[in-house]
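Read from first to last, the chains carry the letters A, B, C and D; within each, the first residue is number 1.
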Amino acid sequence: MSSTYGTLFKITTFGESHGPALGVTIDGCPAGLRFDTDFIQQELDRRKPGQSRITTQRREADEFEVLSGVFEGVTQGTPIALVIRNTDQRSKDYGHIAGQFRPSHADYTYMAKYGTRDYRGGGRSSARETAARVAAGAVAKMLLESLGVTVQAYVSAVGTMKLETPYQALNLATAEENAVRCPDPVVAEQMFTYIDEIRKKGDSIGGVVSCVVTGVPAGWGEPVFDKLHAELGKAMLSINAVKGFEYGSGFAGAELTGSAHNDAMYTDTDGRVRTRTNFSGGIQGGISNGEDIYFRVAFKPVATIMQDQESVDVNGEPVTVSGKGRHDPCVVPRAVPIVEAMTALVLADMWLRSRNSHL
Amino acid sequence: MSSTYGTLFKITTFGESHGPALGVTIDGCPAGLRFDTDFIQQELDRRKPGQSRITTQRREADEFEVLSGVFEGVTQGTPIALVIRNTDQRSKDYGHIAGQFRPSHADYTYMAKYGTRDYRGGGRSSARETAARVAAGAVAKMLLESLGVTVQAYVSAVGTMKLETPYQALNLATAEENAVRCPDPVVAEQMFTYIDEIRKKGDSIGGVVSCVVTGVPAGWGEPVFDKLHAELGKAMLSINAVKGFEYGSGFAGAELTGSAHNDAMYTDTDGRVRTRTNFSGGIQGGISNGEDIYFRVAFKPVATIMQDQESVDVNGEPVTVSGKGRHDPCVVPRAVPIVEAMTALVLADMWLRSRNSHL
Amino acid sequence: MSSTYGTLFKITTFGESHGPALGVTIDGCPAGLRFDTDFIQQELDRRKPGQSRITTQRREADEFEVLSGVFEGVTQGTPIALVIRNTDQRSKDYGHIAGQFRPSHADYTYMAKYGTRDYRGGGRSSARETAARVAAGAVAKMLLESLGVTVQAYVSAVGTMKLETPYQALNLATAEENAVRCPDPVVAEQMFTYIDEIRKKGDSIGGVVSCVVTGVPAGWGEPVFDKLHAELGKAMLSINAVKGFEYGSGFAGAELTGSAHNDAMYTDTDGRVRTRTNFSGGIQGGISNGEDIYFRVAFKPVATIMQDQESVDVNGEPVTVSGKGRHDPCVVPRAVPIVEAMTALVLADMWLRSRNSHL
Amino acid sequence: MSSTYGTLFKITTFGESHGPALGVTIDGCPAGLRFDTDFIQQELDRRKPGQSRITTQRREADEFEVLSGVFEGVTQGTPIALVIRNTDQRSKDYGHIAGQFRPSHADYTYMAKYGTRDYRGGGRSSARETAARVAAGAVAKMLLESLGVTVQAYVSAVGTMKLETPYQALNLATAEENAVRCPDPVVAEQMFTYIDEIRKKGDSIGGVVSCVVTGVPAGWGEPVFDKLHAELGKAMLSINAVKGFEYGSGFAGAELTGSAHNDAMYTDTDGRVRTRTNFSGGIQGGISNGEDIYFRVAFKPVATIMQDQESVDVNGEPVTVSGKGRHDPCVVPRAVPIVEAMTALVLADMWLRSRNSHL
């Protein structure tokens, strides 16, 4: 009972890793938006498996179909339904885990919660569900683009290998030019080699995705519970394998004094209120202040590894779980479009909500 | 339009820093819970200002009144309304900022969003709102206590001064024995001295609150968007001054390999499925697995400092903002009960939601 | 878990008949609305008990206090909390029913649902809760007034005594000039006499309230589930004692042919699209079409009567329930402001929702 | 932004009359329910067009596909997605109304709201959307069946032709034996003849559907806003062409005195608390009391008729709208399964909500 996200730009996803299809219904997208199906496919292609040898070798075209909500190329204000068929399920790969719980997967917790589970590829708990999010996020991106807002994520760490350069000094657009999605080509190359070594060992490795949003005017976001950064945090933490979220100065900000951390204010030559620094990460009191919004998302190493592990079966008896199936040795390259999609969904929702702030 | 939190155990807060009162309505608390007003007052006392010289000197008794929902000492299943009167508002302290925007406060963003603002003490954006959360959280705690669940937070860092001991090696109950709420008395003493120095300089300092939840059985939490840790993250990030959230291995987990990070599973002598390690932080796929849940919350330094700062007024003209009013030099000691309250609210909600997982 | 109404203009009420207070929090009222406390009091006065000898003799001033959300006479976009103290509870009047279930009251069903109940005056199930709705509805009315929308209800039937005149031929404003709130003075006089006779017999009588909304432009309302008339219907049926709702042609419309019932369309001299007739009641497909919105609400006779009735006690043993306490012999005169309040709340919500229909 | 219904048993529908497909996602159905696809198809067949000469001649097989949420014939607690392809769209039938507003349709109001519309067959405003509701309702019925609850609707009036027999004296199961779905074969025959005459004239006629629910125990439903009958009323009023709703004594109850209308209580030989009469319609204070729940729903005549009508085009110029396309001369026979579906959805939701009433 939690497959819906958003208050006004509201999405509901469905689908399991090895079921017939994944999909999403977007309810609340305003009418009058030009609907670019090519763009949606491009976004899905950025997330789809099999992009390089450091991603899972499952082969899915991830082509989608629009079932409703668009007429003559324009949104109608009615629910937009998008469906992506699964084509390369290979469920037989998972027969061996029907009765076992894989360590650090959701196998055991789903069984504890529901008393049953679709064990094929993790069923609903699989990150394959995020394909539906990316499709919906592409629609949110179209909406934001019409408002001058851009969302750009990139890989800033793989294991202990970190890109320390501040985002302002990077050309973020270049992140798409390599398989790791790191906007520094030298670091990207190192990361690629490292991930490939991990892959050969049958192991996996964690990483960090950073994200920058530009063009949001002051005034988006809600006070108290649905603060803009609280919604961003929830959205990020809802992505598979995420263990942490920080925005602006983040955990490092907790080490500073107020006199060092406060963002002095001034009026720029265009008459716009600005801040000299941006420890606030573009958000004050949960509401955007017109500066860039930026945050970091920590991903754990993928739980599926090609090594024997100690575990239990559904009867609680000890078993050795042997790695099989296809998996990503490092999730962050493919997580980049997912982070962007969830960010776009949060912002589209916040924009709609903000329209009713005053008379 | 975001003063409500929760799906089934749903709270709605109201009130401004210098308005007549703060309050909360809890809708969805099941009937039949014994209602302990003394306990609620104790929790409010843990949060209230003026506890020591390192907290704000505003004097509020923070006494509350129960306006509905309880009859003969038992909850009725109907909305529980709790009200806390403001008594020491001193609004005149804030006249000087009526026309100014304080750096790193929500003054400017509220004005951008609403076109108006209650400037007295930050109005709705003030952390005084969290008194209502603590009152509601106390009710959630009563509910959890009846289920054998305990929630315990503590200060684990003040600025760069960190308590590195793992929580399992601490006696968390001792956190309440000192003004800092750090469960190591030696470190607590150092932190107290440090905060007091910061206070004397008219500055402020950030910090980290850690939280541990015990007794949650396997099966609480929801898949996909409302994952247990995603809701915890949102709840924490909705607290004033929070900049980051991580659970289990957190950001450090992003540096590890899967073979190091996966939590091996076994069955203990009681027949309960357990994990050998707990990098997962008690949550897998968004659902509790029966292990301890633990997480960390980063707080920025309080924005109000007793130093001159560069800013602009409501017309965009440059001004020097001078620190006045009463404030906390470090928010984390008083944040401990707030973190606990929000944690309890999330868990109470998740428990109710989990009751409907299967037939 | 259902004391909240509305999606964007969202109210949450609390309070029991004989508890300390009733109240409401309005979350989502836009900032910038001039807040007229006198008007709110006037609306509460229209609903309050003791207005004439045909209403309950309970004496409540129904004065309210604003606890938040308003600063310098203007709404701030933050939650508006309004509280009304109970002053004339006389709970001892209800001691005799602590162990009994009154026929056609909610005594038995609350016990079945909650396993406990506040028996004093019906507790949460009492129509006294509607005072909070009227206070919130007054705020919604202020908002609608700024948009040129008026809401006017009146009594159109008491028992079998009916006002058959179409609303267009009535001066609805005169409804407030008599105790029955019927806009035909002759019929009002007859109704008053009839209700007074019923009162003397210790009995009660049902009735109908009609409501007319003018000034709503075309385009308010939502398709599919939250149709404008579906929300109006739910809102009306949520009022105590309501048994039926019909809008436009209503049940009578079910007897007609399409050729008789369809509303022919034309463009008036101002260039506005209009309909020749208005069987549609101002709503087509759940969305307003710019014509008057009108509907009728059926109220059952009040269940509290001063006569002996067959019932059972909490142990299931047969008892004779004897009428005591204070009650209205006919609820419709005091229901008029409640119907208006709920109508205004629905419309305020629909207006806010409609602002996001298109880019 | 209103294609979702339900709080815990939550459905989201999508699809237009002449788009590629209709569908529904059910989020919140508990795990462990045996899933009977044949039953869902049977329910869809009861609603589908072309059942007899008195229903629309559009030919749709209304076959559905399960895209998620079911594994090995059992619900998994995850979202259940059902899709029904449109096959007989004949959009060219609607080219002539692309620029016109049909009287008493939603053409004009959708344009006013969205600034655009899918004119083919009414797009999203078409009753074809209810196929998705019937599919979801079938799942709700399965759930209710496991709890001993049955929902049975039937046609009780066509135009002025009424079935006056109380439901207790009817064999409701026989309603399915004739094309009208009236459980009195003699009246059914008269109704059929009457509707067929209306059809030959190119006109349409309204009617009433009655519904009876048995087996609901005392304690389902919520107080205040989400009263069981308020939710039923909203659900019914959300069905296309519905103009009114009444439950229990309904509008007729407004004519009675309390002494005549109150339902005396007693304990039956099984120890169950019962009422002697059932003017309350099985609901008191918004919560079920264990008696049969019954209500009536008024449907206006279908707006599409084969006659010339006065209207305007999208530029406001006068036009004569000529009837074309396929339509039902009387909607109530096919509305019976829709009323049942929405009733089942409300009850499934209320059951889940009621599980959390007390500890």
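The working rule: a contact is a pair of C-beta atoms (placed from the backbone, for glycine too) under 8 Å apart; a residue touches a chain by one contact, two chains touch by 3 or more.
Please read these numbers as outputs of a predicted model, since none were measured by experiment.
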Higher-contact pair (C-beta pairs counted), A-D versus A-C: A-D
Most widely separated chain from chain A, with each centre as the mean of CA atoms: C
Inter-chain centre distance, chain C versus chain D - centres from mean C-alpha coordinates, in Å: 26
Between chain A and chain D, centroid-to-centroid distance (C-alpha), Å: 39
Rounded Å distance between chain A and chain C, as computed from the means of their C-alpha atoms: 46
Overlap residues in chain D, where contacts from two or more other chains coincide: 1-4, 8, 13, 28, 31-32, 77-78, 113-116, 124, 223, 356-358
Chain B-touching residues of chain C, taken from the complex the two chains share: 1-4, 8, 10, 12-16, 19-23, 25, 27-28, 31-32, 65-69, 71, 74, 76-81, 83, 113-118, 123-124
Chain D partner contacts - residues on chain B that touch it in the complex: 8, 28, 30-33, 77-78, 146, 223, 352, 355-359
Chain D-facing residues of chain C, complex: 1-5, 13, 101, 103-106, 108-110, 112-116, 124-125, 129, 157, 159-160, 198, 203-208, 217-227, 229-231, 233-238, 240, 243-251, 253-267, 271, 273, 275-276, 279-281, 283-290, 298-305, 307, 309-312, 316-318, 353-354, 356-358
